[in-house]
């Protein structure tokens, strides 16, 4: 396969008549497989992988220690107080759930919108989703206090208690929403991975690998009949996951919005939370994929154009979030309800003004840099912007939760102070996340091999780009 | 195996050709008769102009949100470099272009506000009350809701929409002649900031046009609700227009069943999205049960049998959400032109019913939130609201014909035309 | 690549292997599709294609019908949605207990049942999605006959590239049109770059009997833990329970009815935070319960008498008051208040109030006065027993059927509950005014019915009270 000039590593050009190639270097099917499978097949991963993995494991250990301490001592080790009953755990929960939205969004919504560029990044993003949801579930999970009766969260029939969970509580909706989301994401991720695991199975020379991958790939052969049903099931799962992904953060937003607390009760919350979730999730995907692609030499598959597209989505969702901030402020004034007006004034200029302005700078101002192409296409610059976005999104949840510090009764006003355990658990949750993610990178297909093969032009029959295989077919 | 079609237009007729000359007066006649009947029937009400204006506003808002929905479709289509919908984009461009003439249709609402004859918006009066009188509250509202400022905002919205629609439409028409692919790129680049401006104008116009009918009520979700319904009706009207044009032998080759399939999927998606937004808005207000918000829903679904509003709300729940979801779920429906013709008309009617539900209950409760069945009966009148709607649709068809004239109904030289013509659903 | 490549016969033991199919390799998807197309036109029906990714157009080429998976998913989705609603209705909107008791409770004013459906929609939605996702996922694998680990195709080493970069067409040997030589020729004609034979090993590989037995035993063994748990549920256990988290089980806190913090280390000279050493503070004098607010102006309702307050000898007796006074309740020489003879207008005289009264009575009064009001409550019996041994000083609880009590006006009984008599303490802080009246009404009902079980005679007692 001769490399033509168009196949150079820059595919960020704008040419309305031509779709940009999604796989560079004129790779054929075998080369795509080789490129992805080499991560698992190489004898030992690059040194950087070991460094990242060991740091992550250390942080994971810290998390474990904190959890042990927490369970032994009780939730008093956190800074949660009266009136800020919901301190860090809910902030971290919403933060991680938000990050967990990008994966399913990329795999499901972009799939339905036929955005072919998703193929190179969806697998890693889905994995990230699952790991982020695990991190998210951790916080409310340990917040329940008596961990050993966690099953009271579910409608388990008990003869002696004669009690059931309260199905009219948004916190119970959360259990169902996050549980469903984790399950469906896992099914979706695993199902998408089966053909690629079969590829690993058929290539590996390791005995253990052969057994494990054989079991995981369920005996997949790539039969046309199987593919037919597989594609149908994939479409159905995508169609289900799309409203699901919206519903999860909607329900998370209900935790706040069904209350009567000024600053929490706003009808815009559901779409605004969803936009924020996509925003932070994409930022996390970019933050992960940039080092990942250079570490494992995936530049031809995860091209600059992929990253640029994601950066554009980050900018767009950032603007949506900014618009929601604006509408909230306008309505707080227009509504003429004094407590509501005070809550918003207090957010911007009150006791947590600094958190508010960190949030606005990171979420609204800094992403505007993506209007400039250099920021969208420069690897270092985009990672820095994306890290800011994630900081900003963490602070967004912090700002919302800290509305509690100024409730209706001025005598109960109090500041929230995070304890060391709070901070260590937040850091430790990153350890859990990165441990899982580094393991995933090493042992499972990071890129959806079979899906990428579908978007590379049939090498022999086309000498120019095939429109329908290009970047985007719908919107 | 399917042969690839070249990116060339092959239909014998691609414009309205001369028949638009006949359609314009026909539409205007329908309009005059319809509005005339509606006004005549309104004479029986306690306040003729108010009753007529409310009915007028319902159809006006339905049509306007539809035009804005089309403008959104054009913007997002350019913004995302979409290829599949090139052949239906022109129809959306034309309908989006109708927003500017729609300003003339707004005059019957706007002018009486300045001459002091209007009772449509309760805040126009000097000493309006909405529930408990509260002077500080009113003064605050009056800084935003006053006639002059409202007029300025309206002029601004329509100017912005008109200019945006015109710049897309103009560039697209120029491309028909010059075949310059760079025009597509320009449209894409300008679509970025236009999207932001569009979002801002939708937010505030929805507050002004519909939310301020009840000056006390507020909901941050309302613009999204307005937008969701508008985009849904936009996809319906694009489908409907394409089907009607094809039935009359125009653009027969370019818009294929694949495009209809996609439009139907988008209709389905926005039915669900509308339901999501409507439910979230209702749910949050229902659950928190705060008096300053709940009254708005209470007067739309009061539990007494004698106010029909409860049934009107249920009509929306089933007619606007559940039935379309089930109907549009089936692939056969989405690929069948007859079903789609019915579905698009049906969804447009539902869109009108939705705006009726937003606007009409305010007719009786401008001055009092504490409504009963007796003070807030269902305001639907076959002889006022239906002729009014038919008349305005007639006028709208005339506007459409004036804008479309004998211009091509598909982009002739769009660089992505070939992709669109060869587009297939997997 | 020569097409005359020797078929790779894996070590199938002996002759017991059978040709299942011919597998032809193609190098690109388009030639696979055209080969499938030709095979179908040649009349082959039992065939399949294998590719590393879904090849477009192949469904038509080998004649795959649209799968019915979506209908299956839709059916399961509707079931999931219904189940979710029924579940929520059952557990939160009804007390019926066909299997397990439901738990009907109002919270934040949300209506029960159908009217409260908006609050049920989130869970209904989630369970619909969950059930349909399971249906799509498992339905797909079931329809595809997967997992299937023993597939003869996996024995062909060339076939490993089917998941990488090669495309295969398989013609089954049991197709009517199949003829080994002719089919092989045709495949070559259609552009196959290599052809393999796929053999099924038909040697008997039955599982040894021992394994089967072991499997059965294992399965029964797996049932043991749940069986043990089931048996253990509700069984008394002699050892104290395990304390996983001691701080939670024994918390460092002052409980009600105990002595508060003592700052002095000298046991003889304690120094408490408050003058009154109790851990719990008493409410400020004249504190009124929230629900009773406003009632203090209805004096008759709150006090149980008209006008002047009774003299201290009659009312307001605490536990330290002379017991003798209670023995003779309506002594003429004492200034007696003008007790209410009928229930005040704020109290509804009906079955509901009596039922409420019964419930409150059984909580507050039965320990001493007994369920039937005979003064034979458990506390009383125990105290009398202690009295007999000289271990306590106890005035026997009064029988409410005592004529002296029976003749008391309702206001007087109300006052007794409010302020106490003799050893009986005041209950005004524990029982709200309305409930005190309800108890009085129940006491009246008990008295009317004599010593009979009170519930039997509730309605007559109601009418008996009213006409007065």
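Each chain carries a letter (A, B and C) given by its place in the written order, and its residues are counted from 1.
We take it that contacts are C-beta pairs under 8 Å (C-beta built on N, C-alpha and C of every residue); 3 or more make two chains touch, one makes a residue touch a chain.
All values reported here derive from a predicted model rather than from experimental measurement.
*Asks:* Report the chain ID whose CA centroid sits closest to the centroid of the full protein CA set.
*Replies:* A
*Asks:* When contacts are scored as defined above, which chain pair ends up with more C-beta pairs, B-C or A-C?
*Replies:* Of the two interfaces, B-C and A-C, more C-beta pairs touch across A-C.
*Asks:* Cα centroid separation between chain A and chain B, in whole Å?
*Replies:* About 35 Å separates the centre of chain A from that of chain B.
*Asks:* If you average the CA atoms of chain B and of chain C, how many Å lie between those two points?
*Replies:* The computed centroid separation for chain B versus chain C comes out at 47 Å.
*Asks:* Distance from the CA centroid of chain A to that of chain C, rounded to the nearest Å?
*Replies:* So the centroids are 32 Å from each other.
*Asks:* Would you give the residues of chain C that are in contact with at least 2 other chains, written as numbers and ranges?
*Replies:* 108, 110, 119
*Asks:* Give the residues of chain A that touch two or more other chains, as numbers and ranges in rising order.
*Replies:* Only 231, 243, 254 qualify.
*Asks:* Would you give the residues of chain B that are in contact with at least 2 other chains, written as numbers and ranges?
*Replies:* Residue numbers touching two or more other chains: 283, 287, 289, 426.
*Asks:* Quick one: in the complex, what on chain C touches chain B?
*Replies:* 33, 56-57, 74, 108-110, 118-119, 121
*Asks:* Please give the residue numbers of chain A that touch chain B in the complex, ascending.
*Replies:* 14-17, 19, 114, 231, 243, 246, 250, 254, 257-260, 265-271, 316, 319-320, 323-324, 327-328, 331, 333-337, 371, 467-468, 470-475
*Asks:* Which of the residues in chain A end up touching chain C in this complex?
*Replies:* 28-30, 33, 71-74, 145-146, 148, 155, 157-160, 162-170, 172-173, 176-177, 179-180, 183-184, 187-188, 191, 195, 198-199, 201-203, 214-215, 218-233, 236-237, 240-241, 243-244, 247, 251, 254, 449-451, 453-454, 458-461
*Asks:* Which positions of chain B touch chain A when the two form their complex?
*Replies:* 76-77, 79-85, 137, 140-141, 144, 181-182, 184-185, 188, 192, 195-196, 199-200, 203, 207, 216, 218-224, 262, 272, 276-277, 280-281, 283-285, 287-290, 292, 415-416, 418-419, 422-424, 426
*Asks:* Which stretch or stretches of chain C touch chain A in the complex?
*Replies:* These residues of chain C touch chain A: 28-30, 36, 48-55, 58-59, 62, 64, 66-67, 69-70, 73, 87-88, 91-92, 99-103, 105, 107-108, 110, 116, 119-120, 122-123, 125-127, 129-130, 132-134, 136-137, 139-141, 143-144, 146-151, 153-154, 159-165, 234, 244-245, 247-248.
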